[in-house]
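Here's the structure we're looking at; comments come further down.
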Amino acid sequence: MPQIGQGIMKGMGVTLQHLFGQKITRQYPEYKRDLPERSRGMLTVDMDRCIACLQCMRICPDHCISIEQTKRDADGSGKPKPYPVGFVIDDSRCMYCSLCVEVCPVNCIYHTEEFEAQAYNRLELARQFGERPVDPTVDPKPTVKKKKKATTKKAPKTVERPVTEKDGAA
Amino acid sequence: MALTLPEGDLQSRLERYLEGLDNRQGLEGSEIVDGVVRIVAKKDDVPAVLATARQTLGIPHLSFITVVDREGAFELTYELIDLRGATVRVKTTIEGDEPVIGTVTGVYPTANWHEREAYDMFGIAFAGHPDLRRTYMWQDHFDHHPLLKSFEISTKRTFEGLR
Amino acid sequence: MLGEERRAGHEGALTEPPSSRLVSPDIRDEFGLETIDMNMGPQHPAMHGLLRLILELDGETVVRCDPVMGYLHRCQEKIAENRMYPAVIPMTDRLDYFANMHNEHGYCLAVEDLLDVEIPPRAEYIRVLMCELMRLASHIPSIGFLMLELGAFTPILYAFRERERIQSIFEAVTGARMMFHYIRIGGVKADLPPDIPQKIWDYVESLEAHFKRDFVDLIEDNEIFISRTRNVGKMTQEQAVEMGVTGPALRCTGVDFDIRLDYPYSVYPELQFEVITDTAGDVEASYRVRIGECLQSIQIIKQCLEQMPEGEVLGDTGRRIRPAEGEGFGRIESPRGEFAVHVVSDGSDTPYRVHYRDPSFCNMQLLQEIVPGHYLPDIMPIMGLIDPVSGGWDK
Amino acid sequence: MQTVLNLLEVEPIRLLISFGAVLFLVLNLAAILTMAERKVSGYIQLRYGPNRVGPRGLLQPAADVFKLFTKENVSPGRSDLWVFLGAPIAMFIPAALVWLVVPFAPDAVVADLNVAILFFVAITSIGALGVVMAGYGSRSAFSLLGALRGAAQMISYEVPLILSLLGVVMLAGSLSLVDVVRAQGDTIWTWYFLPQLPMFITFYVSGIAEVKRVPFDLPEGESEIVGGFMIEYSGMTWALIQAAEFASMAVMSSITVTLFLGGWQPPLPFLDLGPFNWVWFGIKTALIMFTFQWIRWSVPRLRMDQLMDLGWKVLVPLTLVWLFVTAGLMLLFPSLGA
């Protein structure tokens, strides 16, 4: 027969220790923690380096990046290259997964240390980086004419799904 | 009440399962690959195959039921594990747009919700299921089965024409 | 078995099985007794996420309990069908949001099963290290939640203090506190930062030092805790296995099923640890199992840190992940039980079908089985025994 | 000036004015107690508690009251409106009325009734009425369960509460609280909590149950029935219920102090502060209230059947046995009685 109340007293001893113990609250707006090097904040784009390859737009699981692409001879080399006239990152959708950062071939999209986004309107959270604003809610339409440019293979169109049959396994 | 888990080493158990299942039912295919007994059964045989697995071979646990919509046919995978390293994977195919298959809730009570989920997402009717309601979607006013390939989502991006 | 000797002196607590509290319908009709229908949830302060329980009450006794799910359903499986293979990983984070690492790990195992990619040993160790930290970060709050449901508010804050510290480690390693997106197909995203192994070591040492005080002394012997949890939600081994229960909820009945040992994956065969079981199969036993598993996790973390080899952390999967036709399976031991992923590929760069077998979903079937006959306040500890997570059962 | 002081001597006016003063004190006490509750819980839980409004968060109760005043008072459709709105009042008035008989200092008592203990018992049991009214008027399954639990619990725990008082009454030989305090003397070992230890524990436990605090907060049962009888209240009606809860908690601790811990008496004779002896009363009451809060943040909640078991199978027999022991000892040693 255990002594009645013993366990309760033991537990109350623990809470009493904590009553006088070190507190762990951080007073947030006054005190801000140093973010670790890898922390993933809001995205930003270095538009000078962007080559409008649309890799980030393709990989983005949330469709939060929309790019409007044109051909423009930006560097004066005489050859028109893809150029991002519109670039929008919709922070109301972004989930900071960092996939776009990883696929970017020129490292022009990267995370900042900012994480406090607020707005009265969802569309205010869509940050425009390009010359022309892009509507983040509308799917990007092809503006580039398909030329015989030496620009690698096409995007996978709707892949034909194999109908029925056991696949591989059985 | 104590539960007896299967004993013996993995390979012999796998062979026992394969043999036990193969002897009783006319299976379309059966083999052992990487510690997994792979069974292909006819649609109507599935409840019997699973009953053999549970009652005769003593495989206690039904892990999950996966349905794959092959557009015109449904492929069902019943994954059974004996909690000691062996896996039995029973596959079957249901043809047609109004798929019906016998329930296995009688042998594996845990199949109850798995079958409800399959019904909800694919519209597969499990004959004899005690409580075939939708799990996730609205109980009424919703006639769709979202995981069917014919159920189009509105936010899909195609990137067609984009380089 | 853990609880046996502790229970020896406490036999008096066992009275009759809960089902004996149920009044048979005949008697109810004869005396004109009515039952109350009650909706518990989806907005309920103690409910684990968005679950609605339709209860039929006879006084305080629950006659029928019918869980209604779907309030957080995002159709993750459909989403996965429309995303490229790597882009599904951040989505799996949102499944069981108390065990994100395990979800990622399970999904990556399934895709790697399709791809036959070589995973560097260091990556495997980092995965296990992260998963075990995640298990700590999931089990400790679940003990806190159990106490919260019993009406004690304080342990949850002690639990979240630990979780916050573990999350700070995760933030330094992965860049995010909760939705990590760290485990990748073929390895992990990046190597551990150089100072992190020492930090993890220091953290688990300090946790070991005060774990007993904050989560054992505060709770274990408390007479009210014992009377509220002992013989509550009691189930037999057969019942549990029949209902497809896995994880601590199964191990507290005495079935020593642990995927880490029985279906070994990653580097678990190289690590030394025990499977914690208890015999009673009630809420108290599940609490003890969770406590034991936390201590085992600490041991595994230490072994990982000691044995971790040097080398690469990301295997070569090619620039585009486009597996051949076929299907892949991944099965891991998440803090709640067996988390399995079934990926079907059709050769394109998006999965043809992804199926998640989430332990929260499967374990929740237990509610219908064991709740009837218990009192209304017992539902909450039973939820603590199962410890489901809303994102898990609703996918 | 003289006439005002003379007026104070006139009985009904004196009563009204002093009761007004006590009421003012009670309302402020409730506000301070909410603050204390949150600070204590914060510190136990490794937090700071409210610390934004005013210096160290001391104005938080004022901000709360302001917020609750401006909040809309929602009543559920199809609720029994008069019962619904009357319930908070029915809960607050008994909690405030008991202060009439609490002796703060030798002469500082609003009404020195010779049946003060009886008055206390009678008035506290009215509190259950408010709970039932609130649960019935809200027309919600959760409230109904909470009200049923509350009624059962408060009525059951009246029994050990009253029984545990009797030992003190026998020892003091009076039903007047002032007499009880006087009889306890001004040394800590002559206070009644030592000879009446089981009674003291019973009174303390059933006091917690009577004011519905953890581990006996079943009528609220936040994690089960989401606030129970007060689930539908908002704004000032809710604030009134809270004030009633905290006032009755303060009343319960002050009565505990009065009956068992020597009231205003100093623990040792040389600590006698003369006219400032009410400080001792305040300190002791605050200590008891702190233990209430400390227990609240340390233990889980009991279940209904366990609560009833504790009340009827443990506390009532314990008090009955100790009552006989006290009576027997008093027969054997008549000097024990006052």
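For clarity, chains are labelled A, B, C and D in written order, and residue numbers in each chain start from 1.
Criterion: contacts are C-beta pairs under 8 Å (C-beta built on N, C-alpha and C of every residue); 3 or more make two chains touch, one makes a residue touch a chain.
Predicted, not measured: the structure shown is a model, and the values here were computed from it.
Trainee: Which chains contact both chain A and chain D?
Mentor: C
Trainee: Could you tell me which chains make contact with chain C and chain D both?
Mentor: Expected: A.
Trainee: Which chain has its C-alpha centroid at the greatest distance from the C-alpha centroid of chain A?
Mentor: Centroid comparison gives D as the farthest chain from chain A.
Trainee: Quick one: chain B and chain D, Cα centre-to-centre, how many Å?
Mentor: 62
Trainee: Averaging over Cα atoms per chain, report the distance between chain A and chain B in Å.
Mentor: 37
Trainee: Roughly how far is chain A from chain C, centre to centre by C-alpha average, rounded to an integer in Å?
Mentor: 28
Trainee: Could you work out how far the Cα centre of chain B sits from that of chain C, in whole Å?
Mentor: The separation of the two C-alpha centroids amounts to 24 Å.
Trainee: Return the residues of chain D touching two or more other chains; collapse runs of consecutive numbers into ranges.
Mentor: Within chain D, the residues that touch at least two other chains are 44-47, 297-299.
Trainee: Specify, in ascending order, the residues of chain B that touch 2 or more different other chains.
Mentor: Correct list: empty.
Trainee: Residues of chain C touching 2+ other chains?
Mentor: Each of 154, 158, 161, 218, 222, 224-225, 327, 344, 352 in chain C touches at least two other chains.
Trainee: Any idea which chain C residues touch chain D in the complex?
Mentor: On the chain C side, the touching residues are 36-38, 44-46, 57, 60, 147-154, 157-158, 161, 218, 222, 224-225, 227-228, 375-380.
Trainee: Give the list of chain D residues in touch with chain A in this complex.
Mentor: Chain D residues touching chain A: 40, 43-48, 294-295, 297-299.
Trainee: Using the touch definition from the top, list the residues of chain D that touch chain C in their complex.
Mentor: Interface residues on the chain D side: 41, 44-47, 141-142, 144-145, 214-215, 217-218, 221-226, 297-306.
Trainee: What does chain A use to touch chain C in their complex?
Mentor: Checking each residue of chain A against chain C gives 1-2, 4-8, 10-11, 13-15, 17-18, 24, 35-40, 58-61, 95-99, 111, 156, 159, 161-162, 167-169.
Trainee: Per the contact definition, I'd like the list of chain C residues that touch chain A in the complex.
Mentor: 9-10, 79, 83-84, 86-91, 154, 158, 161, 164, 171-176, 179, 181, 189-190, 193, 213-214, 217-226, 324-327, 344-349, 352
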